[in-house]
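In the part that follows, the structures are each spelled out as structure tokens.
Next come two complexes, and both contain chain A; in the first it sits with chain B, in the second with chain C.
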Partner chain A sequence: MKIGVITYPGTLDDRDAQRAIRLAGGTPVPLWHADDDLKKVDAVVLPGGFSYGDYLRCGAIAAQAPATKEVIRLAGQGLPVLGICNGFQILVESHLLPGGLIRNEKQHFVCKDQKLRVENNQTSWTNMFEKDEEILIPLKNGEGGYIASDETLKMLEAENLITFRYLDGNPNGSLNDIAGLTNKRGNVVGLMPHPEHAVEPGFGPDTKTAMRSGIDGLKFFQSVLQQVVNA
Partner chain B sequence: MPKIIVEIMPKQDLLDPQGKAVANSLHRSGQKEISAVRIGKRIELHFEREITDKDLEEAKTQAANFLSNDVIEDVVAVTKED
Partner chain C sequence: MLGKKKLEPSGVDTTAMATTEPEREQPWQELGLKQDEYEEIKNILGRRPTSSELAMYSVMWSEHCSYKSSKIYLRQFGEKVTPEMNKYLMVGMGENAGVVDIGEGLAVTFKVESHNHPSYIEPFQGAATGVGGIVRDILSMGARPIAVMDQLRFGAPTNPDTARVVHGVVDGISFYGNCLGLPNIGGETVFDSVYQGNPLVNALSIGSMKHEDLQLAKASNPGDLVILFGARTGADGIGGVSVLASETFESTGPTKRPAVQVGDPFAEKVLIECCLELFHSGVVAGIQDLGGAGISCATSELASNGGKGMRVQLKNVLLRDESLTPEEILMSESQERMCAVVPKKKLKEFEKIVQKWEVEYSVLGDVIDEDRLYINWGHEEIVNVPPRTVAHDGPIYERPVKLPKYQKALNKDSSSGLARAKNASELASQLMELIATPNQADKSWITAQYDKYVGGNTALSMPDDSGMIRVSEESGLGVALATDANGKYAYLNPYEGARLALAEAYRNVAVTGALPRAVTNCLNFGSPENPEVMWQFKEATAGLADACLELGIPVTGGNVSFYNQSGDIAIYPTPVVGVLGVIDDVARRIPSGWQDDGNNIYLLGETFDELDGSAWAKDLHDHLGGQPPKLDLAKEKLLAELLHGASIQGLIESAHDLSEGGLGIAVLEASLRFNVGARIWLGDILDRDQIDQTAALFSESQSRVLVTVGREDDVKFQALCEARGVPCLRIGVTDSTSGLVEIKDVADLKLEDIRTSWSGVMSELFG
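Moving on, here comes the complex of A and B:
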């Protein structure tokens, strides 16, 4: 099962995403932003970082890259796509997901382990979670404040397109505590927190059981592998 | 040098955290009569030749679709300067 990970100039977490895919049992395939060949992968991850130095707007220039154009085209045909942090910003700039992401309410870059509630477990990337499951994964961003028009927010709520909500405090001023979204088809998911940093015991968030034992991020990647196998 | 100037502002009803931080700083330096600050962008597109109406039309399209994001920003003006 091949899952592509696109590297843009300024991407940081591409190797972490590749490692997460490997730990979940998939084969990571490195993809390059300037190349419109996605190498027949079964799913794509747009990883975190600061593509093109966050120039113009976070994700705006990456949304124009040849690899992204191909992701947009194939997402329309059902290709599973996960955008993490900067990847989420690229997805909204590509109009694969609605709304926008602006600087955190209190101006500060936030880096912490963040509790989330899984609101929608019917997507390509969340089907291994229970509905309303509470998970803990790292969050690290400066521009993670989710905004959208009242009309869009109503649509997101009514159609159950909010996949994750922040719990125990909203870290960045996101409207309706939105941490992540999906599209109507459920194949595209974007979120600000980083599941790929919580996939291996010893390297994840602290839990009640043991230090750094949190691996709640692993299910994102297992979900898409399971879906691709069943398809 | 002929240029097209694109001016972009964050939407009126949106919180502009950058503007707010600058306003707070201005207040601390004694300028309490400034009620708010909003910070936008000015983008210059330079040309080596005279700018045509077509260039201006193309710039307006790029301003709406790429240089700004209509979820969070408004294009205030796209103007030609010789």
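Moving on, here comes the complex of A and C:
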């Protein structure tokens, strides 16, 4: 099972995403932004970071990269795509997901362990979760405030496209506590928090039982592997 | 400046003109040179320097680059060593950073450096470029940077200017470090009015590599090309090195402060990946980062280190600003630049890699078999010097030293006269007051602005005692890093203060289960021209070198920052000491707080009535005097060995070092870590150590650690302590259900109340 991870100039969490895929049982395939050959992967992850130094707008330049254009094309055919943090920003800039992401309400970068509720477990990347399951994964962003028009928000709510919502406090001022979204087909998911940082005991968030033992992020990658197997 | 471009080439001062016009007036004083230093330059060259040569010498002979006042003292870090200590040292002092063998064919390189003065003038860019600079030092050793830490000292939290500096510095570190993808795994934040006009911003970076990937900054093969790559050269920080490092912050008088450098972390991130690919492809024969003194430093050091010469065409430098003069180009401190020495036949391969990363480059010249650095501006020669005289043979001073006038009175003024709590409720309110002082309060307002997760290898970070990073994913091999400095202790006694800083960092590494292996330092002091400051420096360096010898761990490199003062007021001597430890498997690391219910809490080490220089004296009574706590490094070593042994046997559930604020603060911190309470009794400490409750709670006696042990391991653990001769006293039990920290005969404190007072302080002060 091959899952591609695109590296743009300024991408930071690409090796982490590759590790997460490996730990979930898949085969990570490094992809390069300038190359429109996605190497026949079964799914793609757009990892976190500061592609192109966040110049212009976060994700705006990366949205124009040859690899991204191919992702957009194949997403239309059902290729599972996960955008994490900067990857979510790229998906929004690519119009695969609606709305926009702006500077955090408190103006500071914030890195913390964040509780989320899985609102939609019918997507390629969430099918291993229970509906309304509460999970804990790291959040780290400077521009994670989700915004959208009232009309879009209504549509997102009505069609159950809000995949994750922040619990126990909204860390960045996102409207409707939105942490992540999916598209109508359920193959594209974008979120600000980082599932790839909660996949290995010893290096994830603290839990009630042990330091850094949280691995709630693993199910994102297991979900897509399971779906591809069943497909 | 208008029309400057139109000037005929003859407008530039050339070596020919230096001979034909020997009497030309030169601004050597404005450039920070002393009369005898200027005469020495003329002696070396046999003529007056050209303006470009003068620029180079002035910046390279500045305190910041030449270590001219500190060199005679820094030597002892290389002299007070045993062969055993150097067993793991692959590269020692003098290179960009020291390199330490950690086993399995892997090595790490680490270093801490100051960016104090720029961070006061322009906190955001000053701090950001401080991170950028130290990361390039690590990169230039051939290593992949894997983490950063920062050591911060700010003025009084209530002073309105402090917020400006705090916000700027934290934003700058956060902006640059996060954007580079380097986890921030720890550091220190201290507030004291002595740093009001001169905050300290030290930044540490660590990198890892395979032994064979080691790179050195030298140009030793004639014919090799000298290539500048990365960002273009602009007018950033021109003269920054010499002027910023030699001026104090007088509020009046002419300003010589040039623009602080401006950082672009995106450019640096790309440069890191590009350099690592260059290294792994074997196309680079030598590499040097461009930091202070820019091209002047990189060319002269590469040539001098390789024992060769170099011919450079300065017109080949890619510029951001075409109006720059050759002198300015030589001195520019534009960030995110590297200088590589590349064999001619590897040029094509080099070009292919830098083009992949869209990094700009230009060939400046080549290495020559001659003891000469020639720099041309077009067809005219503007520099013709022996490289060693610029890079390494700068002046060395033995500056006068004098015991400070105030020292005797200061040491006599002990804390013994301060009022102690008269009853249990006073004692409890002192403890609650202390945990809510800015120096003891929760620092997550700062650390939450730093990415601690990126890379997926962070095994420990704030608020644990050390940062810890996994280096090998296969075996779990990793390193622990802690830095410490107690300026108050060093002010009371600089010799002991430096030893105490080392001991605390050593202990902070030991409590994680790692074995301390190597040391770095950043020595922040006032003006070396003040004999009293120089005395502090002499004492502190001797203390640190002696203590390293006693603990058997070598200094691998470091940095000196002088002129940290505003007006005549120098900062406390602040020798920041970093200790690196090695752990065979990071899965074995020990947290700093307790999480399980019903574990026994042990206090290791003895408590004496030592409140001089303590947080209790300074932050509760505004008193600083007497002598810092006594330190017996043999005990410190025993303690570290015990912790290592116990962690290998899996006997310890948590371990927290006792330092500022003593046992009282340590108990609260260990409870807050996982929100698990405890029942503590002090009676046995009072009996055994013959002290009162105030000393038991607030004394800062050294070589003490709080550990928790599961009941099933109790007997084994006590036997281990006895066998090793480490004093061990059971002082409590963890309690996960009560929500209380009960200190018998003192108070029952609600965890919720402690957390509220502790965690709200920073956001209340800084928004």
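Definition applied: the second predicted complex is superposed on the first by the 231 of 231 C-alpha atoms of A that agree within 3 Å, B and C clash if a C-alpha of one lies under 4 Å from a C-alpha of the other, contacts with A are read in each partner's own complex, and residues count from 1 in each chain.
The definition used in the following text is that a contact is a pair of C-beta atoms (placed from the backbone, for glycine too) under 8 Å apart; a residue touches a chain by one contact, two chains touch by 3 or more.
All values reported here derive from a predicted model rather than from experimental measurement.
> Judging by the criteria at the top, classify the pair chain B and chain C on chain A as clash or fit.
Pair status: fit.
> Roughly what angle, nearest 10 degrees, sits at the C-alpha centre of chain A between those of chain B and chain C?
After superposition on chain A, the angle is 80 degrees.
> Determine, under the contact definition given at the top, whether A:Gly173 touches first (chain B), second (chain C), both, or neither.
A:Gly173: touches chain B, not chain C.
> Once the shared chain is lined up, is A:Phe203 touching chain B (first), chain C (second), both, or neither of them?
A:Phe203 sits against chain C, while chain B stays out of touch.
> Under the stated touch criterion, name the partner, chain B or chain C, that contacts more residues in chain A.
After superposing on chain A, more of chain A is contacted by C.
> Using the superposition on chain A described above, determine whether A:Asp16 touches chain B (first), chain C (second), both, or neither.
second
> State whether A:Gly99 touches chain B only (first), chain C only (second), both chains, or neither.
first
> Looking at A:Lys112 after the superposition, I want to know if it touches chain B, chain C, both of them or none. Which is it: first, second, both, neither?
second
> By how many Å are the closest C-alpha atoms of chain B and chain C apart after the superposition?
Distance of closest C-alpha approach: 11 Å.
> Would you pull the chain B residues touching chain A in the complex into a rising list?
Per the touch definition, chain B meets chain A at residues 10, 14-15, 17-18, 21, 66-67, 69, 71-72.
> Once bound in the complex, which stretches of chain A touch chain B?
Its residues touching chain B are 56-57, 60, 64, 92-93, 98-100, 102-107, 145, 147-149, 173.
> Note which residues of chain A are touching chain C in the complex, please.
Listed in rising order, the residues of chain A that touch chain C are 9-10, 12-13, 15-16, 19, 48-50, 52-55, 108-112, 138, 140, 142, 194, 196-197, 199-200, 202-203, 206, 209-212.
> In the complex formed with chain A, which residues of chain C make contact?
Residues of chain C touching chain A: 171, 174-175, 178-181, 264-267, 269-270, 357-358, 447-459, 470, 473, 586-587, 591, 595, 674.
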